[in-house]
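Look for chain A in each of the two complexes below; its partner is chain B in the first and chain C in the second.
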Partner chain A sequence: MTRDGDLWMSGRVRLARLAGQAIAVSDGVAATTGPAGRWLTIGSQHTVAGVLAVEDADGRVDIEMHLLVHWPPQVSLQQLAQQVRGRLRRSAGMAGLEERLGAVSVVFDDVLAETRGG
Partner chain B sequence: MMVLVARGLARLLALLLTTVLAVAGLVVAVFSVQGGSATLSLPGLVRTARLDDLHAGVGGLLADIQAGGATAKVAALTGGGAIVLGMLLLFGVLGRRRPRLVIIKADADGTIAARPRAVGQAAIALGERSRDVLHVKAKTRPRRRGSGARLRLTAYHTESTDRASATASSRSAVQGLAESLSLRVRVRGRVPRRAGRVS
Partner chain C sequence: MSEAEKTVRAASGAASSKQVDGRVPLESELGQTTIGESVVTRVAGLAAREVPGVHALGSGAARAIGSVTQRVGLGDLRTQGVSVESGEKEAAVDLTLVIDYGESIPRIADAVRSQVIKRVEGITGLAVMEVNITVNDLYFPGDDEPVEAPRVA
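Entry: the complex of A and B
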């Protein structure tokens, strides 16, 4: 646990926040909570949209990122996903949470396509 | 900090109350499995639930069922039907259909996948770039195992456009997407019922 302002934040929520930041700084993608608004991580006072963080018994946290992609993307979907994943792994390393980060999955849930006229 | 303390206290209290409730229930259950005329005994339970009155009401039916014949068969069929209906309802409530994803890559690092709808939208966006087509419809079916999916495209074109060229241009438009997502593409051309209007 770490102290952020006056709040105690678990490693799981910290990793979810790092995942949310990795999505936010990536071009061509945005986080989506889905049609039912289920894809989010809720901490004590932090809600991270588009990220599911599941902690196992060993304390490892699996992250699932749900993305909306602007079409056409600058690179392939696979490269785009790997860029976001790489950003998260790097920021987790810098935050000292590398050991706690488990599998990082990326799901492209929706496409924002330009119309023929636009 | 106060919120955390209050939350911890509430959880502890809830745990204690449920534990007390469970122990009390267990004690009542154990003492109810005894004879005699005490409140917590089998005869006491019969009195509380008024099972004597119930037996007087349904005794005739039970005797008919025990004797066999048409009543027993109807009762057996009704019972069987109720079980099947119950299982169906349970399946409907508890069974959850997990939507399949188009797997792009899966390894120990995690999975990269796309929802079939998103793949379809991307294919439509690409297919509609061609001047030969008016409108494109896409249907994506992920493979049951492994990566990739089947993509079925319907390219609507004008009567004056050659069907082969419309399908070929749609196919070539989605080729890059198909290769990157391991899609097996099937394209068919169609003329809309009223030219230029596709629902």
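Entry: the complex of A and C
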């Protein structure tokens, strides 16, 4: 547990927030909560859209990020996934949470584009 | 093996390795990347629309229904006229096109095929084994204008 302002946050929610920040600073992608807000991490006072964070019995947290990609993407989806995943691993390391971070999955759910009629 | 046999084998391979839930997972040392089949479908549809001379995608009935469902927020132009079968490494794409009158259909079909292969392979990493194109209509300028009802004296 750690303090963020006046709030206590679990490692799970901290990692989810770092995942949300990694998505936010990555060009060409946005988080999606999916149908009925299915992909959310809800902490005591923090809600992170597009991120599922699941803690196992050993305290390791698996992260699943759900993304929308803007059309046309400038790099392949695998490269985008590696960029987001790399950012999360680096920021988890800087926050001293690298031991807690488990598998990081990236799921591309949709493409956003302006389309002409037809 | 003949080209036709290769195509059939490739297409059946793509279908047999299809993942459940319409998703294509890609394992790496750092984690799994999953590309939804709807993403592959949308990439193919958007790529086809990028080619000048392609007026629309979908059959006449699909477009008529699509225009209604889109107005009520249910339709999606990005997937209209596009069908994709994808596996772990391969994909096969079927497209139904409406082409602008006056354009060369073989030239447009070739351009669409190249663009779809370039986009799908570049963006998703899947090898596109085939792009089947059906041109089911031509668009004439003025087709969209409402027809005035004849006046009866």
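The rule is short, and it goes like this: the second predicted complex is superposed on the first by the 114 of 118 C-alpha atoms of A that agree within 3 Å, B and C clash if a C-alpha of one lies under 4 Å from a C-alpha of the other, contacts with A are read in each partner's own complex, and residues count from 1 in each chain.
Heads up, the rule we're going with is that a residue touches a chain if its C-beta (ideal position, glycine included) is under 8 Å from a C-beta of that chain, and two chains touch if they have at least 3 such contacts.
Just so you know, these numbers come straight off a predicted model, no measurement behind them.
Superposition of the two structures on chain A shows chain C clashing with chain B. Judged by the touch definition given at the top, the superposed model places A:V111 against both chain B and chain C. Under the contact criterion defined above, the residues of chain A that touch both chain B in one complex and chain C in the other are 69, 71-72, 76-78, 81-82, 85, 103-111, 113, 116.
Residues 6, 8, 44, 62-63, 69, 71-72, 76-78, 81-82, 85, 103-111, 113-114, 116 of chain A are the ones touching chain B in the complex. Residues of chain C touching chain A in their complex: 23, 26, 28, 30-36, 38-39, 42-43, 46, 49, 55-58, 63, 67, 77-78, 80, 98, 119, 122-125.
In the complex of the two chains, the chain B residues touching chain A come out as 1, 3-4, 101, 104-105, 108-115, 117-118, 121-122, 124-126, 128-129, 180-181.
Residues of chain A that touch chain C in their complex: 69, 71-73, 76-78, 81-82, 85-86, 89, 103-111, 113, 115-118.
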